[in-house]
Amino acid sequence: MDNWVIALIKVVFIWTWTLLIATLMTWVERRGSAMMQDRLGPNRAGPFGLFQPLADGIKLFTKEDIIPEKAHKILFSLGPILFALPAFSAYAVIPFGDKLIVNGKEIILQVADVNVGFLYVVALGAMAVYGIVLGGWGSNNKYSILGGLRSTAQLISYEVPFGLSLLAVVLVYGTFSLREISLVQQGTFLGFLPNWGIFKQPLGFILFIVTAYAEANRVPFDLPEAESEIVAGYHTEYGSMRLGLYLFGEYVNMYTLAALMVTLYFGAWHLPYIDMSKFLGPVSYGIASFLVFFLKTAFFLWLFVWVRWTVPRFRYDQVMGLGWKALIPLALVNLFITALCIQLTV
Amino acid sequence: MGLKEKVQDLLGNDILDIVEYRGDLTIEVPKSKNVKILKALKEAEGLQFDFLVDIVGVDNSALYEKKKAKKKKPKGDEEAEEKEPVEEGPPPPRFEVIYLLLALSTNERLRVKIRVSEDDLEVDSITGLWRGANWPEREVYDMFGIRFKGHPNLKRLLMWEGFPAHPLRKDYPLEGQGEQRDFDDCRFF
Amino acid sequence: MANNNNAPITGDYVTINIGPSHPAMHGTLRVVCKTDGETIVEAIPEIGYLHRGVEKLGENLTYHQFIPITDRLNYCSAIANNVAYEKAVEKLLGIEIPDKAKLIRVIMKELARIADHQVCVGILGVDLGAFTPFFYLIIQREEIYDIFEWYNGARLTNTFGRIGGVNADLPEIFHTKWPKLKDTIRKANDETDKLLTHNRIWMDRTIGVNPFSPEDALEYGFTGPCLRATGVKRDLRKDEPYYFYDKFDFEVPVGKHGDVFDRYYVRLMEMEQSIRIIDQAYAMYKELPPDAPLMAKVPKIIKPPEGEIYSAIESPNGELGFFIKSDGTDKPYRIKIRPPCYMVYQAFPELVKGEMIADTIACLSSLNIIAGELDR
Amino acid sequence: MAKPVVKKEYTFLERIYLWEIVKGLKLTFKHFTFNFKESLKKGPHTVPTCWQYPEDRRPIAPVFRGAHMLCLDDEGRELCVGCGMCARACPAKCITVKRGKPAEGEEGKYAGKTMSAEFTIDMLRCIFCGFCEEACPKGAIQLGQEYELAEYTMDACIYDKERLLANFQKAKAEGKLKPPKKPVPVAGGDKKAGAKKVAKKPVATDGKKSKKAASKPQAEEKKASETKREET
């Protein structure tokens, strides 16, 4: 089994895994929100309504694909693609487990161990904006263009604190490659704390999680598709699978950001004080690291759902105000303090 | 000193008719002086009717026919009954516009009624006194056809622009005359 | 921060049509806005999409047959409309209804007020993105609708009461359910309060948004929670008491600036006061003998003498008044309904000038404009 | 018209968003855990506020105003005499009654001397106010607890007499019949006659103006009510 077959298997595995998680996320969102609101949520399609995402997928596929008559055909169809593509491909650099030794061959549980993995993810995050703007402009609808404008302003102005808070992490670990960052987070820090990023970067983590919500267009930052103000924002005119791509892209985007949070701040696949590789066999250790990583990501995915059904929505100028007047200064202060600490401790 | 006396000595000769019914006081004033009287009622220190509750339009045509019909029928039956002086004078004005006023400080209510005859459906608008009179006047125009001079934008309120009739008039049938709204794209700006 | 910049807005404007069928429109309201980017330069509300000619219909139905029509005015609290209409006709007839009927009317009207405020506060939350409080409040509203259903058979369009009193005694379910329901309603209100009132995002979205001064509010004819939010302490139940309201002790919550937050908070406080009123009315109700009369002596065919009256009550949205002119027959000659949100919606263009689109939606749902009552 | 500018002052905890958001999260999580535990119970009705509609249905009030039914008395005879009072009392004018004499053979089938040859209710126009039930002197028409009124065609929504009788049989079979209505106590003490009907009967017979929808047989009914109204 030479390398390109392993790489192919990894790619196929990650692709299906992300699709599976994204579909499962729609179910978790609907059941979770129902439980929080004294409801029950979908429970007719399959046990506990587990086939509901399948049903939604089939519904979206079979719906008639309408392109509005005055819409700009190319931009209209390009929008969803440009939105979903970066969301899927951003997962290539995220290490979802340690390594797997199969009959003597060591397989690193990461699709591509690019040493500038960091920049790749941040760059792709910015690509998603094109999908929204083209979709909004292409569908020739006043509400859509409003949604598109709002999302550009929001995503671009939150790209700055997003990048700055990541820079602080790079300062701490000194490397751009996500794999090395997750390897370093083993052992203890300051004696009793696990050696995770959040204890080195508490303020950085808060900034990161707030900007991550803005990147993923999740409440309280879901201005681009605020149902009550501008009908459905950029995807007002979209119908069947095009709308599906938009909604799907949003969930995959959420999954990527949650995985990034776990990798950078919560010790990717390390349990706090136990070093799993000592007492687990080579194959079982790989799988165990994958499971630990997945459980942590699942918590952050649940946090997305949890916050969505608790908090009201910002207004457009408040989002801008918060972004420029609060988050960016805080990110700079955080960067400065981190640099100071490194200078003193080294 | 009751509300009735206070109103009487404030307006005196302008009042054509005062009706006290079930505790509500209604005064009737000439149409031409409605703005002047309402302003006086609003500013008078003792009364201060500073809250306009509503403006009501009434079409009395059916009421007069019924009265006429009643007058003819009994006249026909009991000839012996002493003959009432049937004055055939000009038919009483068809429409009425009633202003419902409320004094916030003393919680007293008053109704000021003006009669509008069919040939000149012009009444002075009181949006000058209360900006809250804008829509009620538009609705009375929409439903009865009584125009309000000096109204900022006297257009139909509940019906669409091209509606041919005034629905709340008594001669308008209950089922309507089958007007269909021809969906012209009504420009607003 | 003063949210409307007074700089002259130039450049050509986009006309956005927050149309009759829009997710944030309560019923069929239409607002045509001339916007410069996100800020509204000019807004023209267009009403009449739900105009059913109720007043023309009233002239062709008998006094008794008009009662179900009044359900369809403010369909969030149908009982308040019924009570308003019946009180007007009873004033026209000059009859006094028995005490027990008055108490049942007070209890049911205050229950309807709680239901109406729950809908308004819940939907204000949904319009600003907070979906969860809506469900906590609506679940309590379902409990209240159960009481209406067991009372005379309909949950929403309950043709409550007859001219001259009420046609049924309080249902058995009320006696068993009310003590529990009282606490769950309070719990739901507390949860909404905890989720929203001190949340900075909510406070930014509502405090200082569309403030309105008391003088303008009075000049426009505001009544009800929207007027009380501006600081004017005006409540028909206190100023022109009817049906034992002078015997109940309850406060009238009053806001300060008349902005979206005050209207929201006044409604939340009023629900608490309504519960207190119901308790006191229920206590008085229990003192009356079980077979106390429910109906006054009213002839089979109601033919009020000729004359015209105006009578108003404090409905959840404000002063709901009925002007009835009768010509001696069994059909009213002219019925004019004075809906409270009609005058409030007049001031909408002035409220939203210079605000953002998101604020117009927040403002509209805080004014609680009900299309059925607005267009009649 | 200067808008009053509102000064906002927040406490420190309100100024930073997170503290209030965490409190909110705590509350929604409380609901989540409660409902999650409830949803694991057996049986269709798990979460207290949710009714799984087709399987378990909400209990309906005995006085619920649902689909109409023409009642039979204990011996199975039709109570309706076709007097048309309900048609006149209906605000939506959706009931049309045609009176007729019972054929020779089936005198036993009808309680009164006359019967309703044709009785249709247009369910599309009906507003379920229950005035017909109040107006009926014989207590023949009642609103049952049936609320599933969906039909496939418009004319299936016009309930004819057989459908209304079938409704009664169905309700009787399920034991969902209404308890007899207690008379409403009227101020001034004397209880009006007729235990079944409400003291105040909103009969709106308007002798003078001929009603548009009145069919021919109702004309003589007007004469009957004319005479009746003279003596009251």
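By letter and in written order, the chains are A, B, C and D; residue numbering begins at 1 in each of them.
In the analysis below, a residue touches a chain if its C-beta (ideal position, glycine included) is under 8 Å from a C-beta of that chain, and two chains touch if they have at least 3 such contacts.
Fair warning: this is a prediction, and the values are worked out from it, not measured in the lab.
For the pair chain A and chain D, chains touching both partners: C. A simple rule picks the central chain: find each chain's mean C-alpha point, then take the one closest to the mean of all protein C-alpha atoms, which gives C.
Most remote from chain A, judged by the distance between CA-atom centroids, is B. Here the spacing of chain A and chain C, counted between their Cα centres, is 45 Å.
As a whole-number value, the distance joining the C-alpha centres of chain B and chain D reads 39 Å. Averaging C-alpha coordinates per chain places the centre of chain B 27 Å away from that of chain C. Inter-chain spacing, taken between the CA centroids of chain A and chain B, is 66 Å. Residue positions 36-39, 309-311 of chain A each touch two or more of the other chains. Counting only residues that touch two or more partner chains, chain D has 21, 24, 27-28, 31, 49. Residue positions of chain C with contacts to 2 or more other chains are 132, 139, 195, 199, 201, 204, 216. Chain contact topology: the protein chains form a pattern that is neither a line, a ring, a star nor a complete graph.
Under the contact rule defined at the top, the touching pairs of chains are A-C, A-D, B-C, C-D. Considering their complex, residues 1, 3-6, 8, 10, 14-17, 20-21, 23-24, 27-28, 31, 49, 60-61, 63-65, 89-91, 127-131, 134, 143, 184-189, 198-206, 232 of chain D touch chain C.
Of all the residues in chain B, the ones that touch chain C in their complex are 21-24, 26, 50-54, 56-59, 62-63, 66, 98, 100, 104, 107, 109, 111, 130-132, 134-136, 143, 156-160, 167-168, 172, 174, 188-189.
Considering their complex, residues 13, 15, 32, 34, 42, 44, 46-48, 51, 53, 55-57, 60, 91-92, 94, 216, 218-221, 234, 239-240, 307-310, 312, 319, 321, 323, 325, 327, 333-334, 336, 338, 342-343, 345-347, 375-376 of chain C touch chain B. On the side of chain C, the complex with chain A involves touching residues 3, 14, 16, 22-24, 37-38, 125-132, 135-136, 139, 195-196, 199, 201-202, 204-205, 356-359, 361. Within the complex formed with chain D, the chain C residues making contact are 1-2, 4, 61-62, 64-69, 98, 132, 139, 142, 146, 149-154, 157, 159, 162, 164-165, 167-168, 171, 173, 191, 194-195, 198-201, 203-204, 207-208, 211-213, 216, 257-259, 291-298, 300-301, 329-331, 350.
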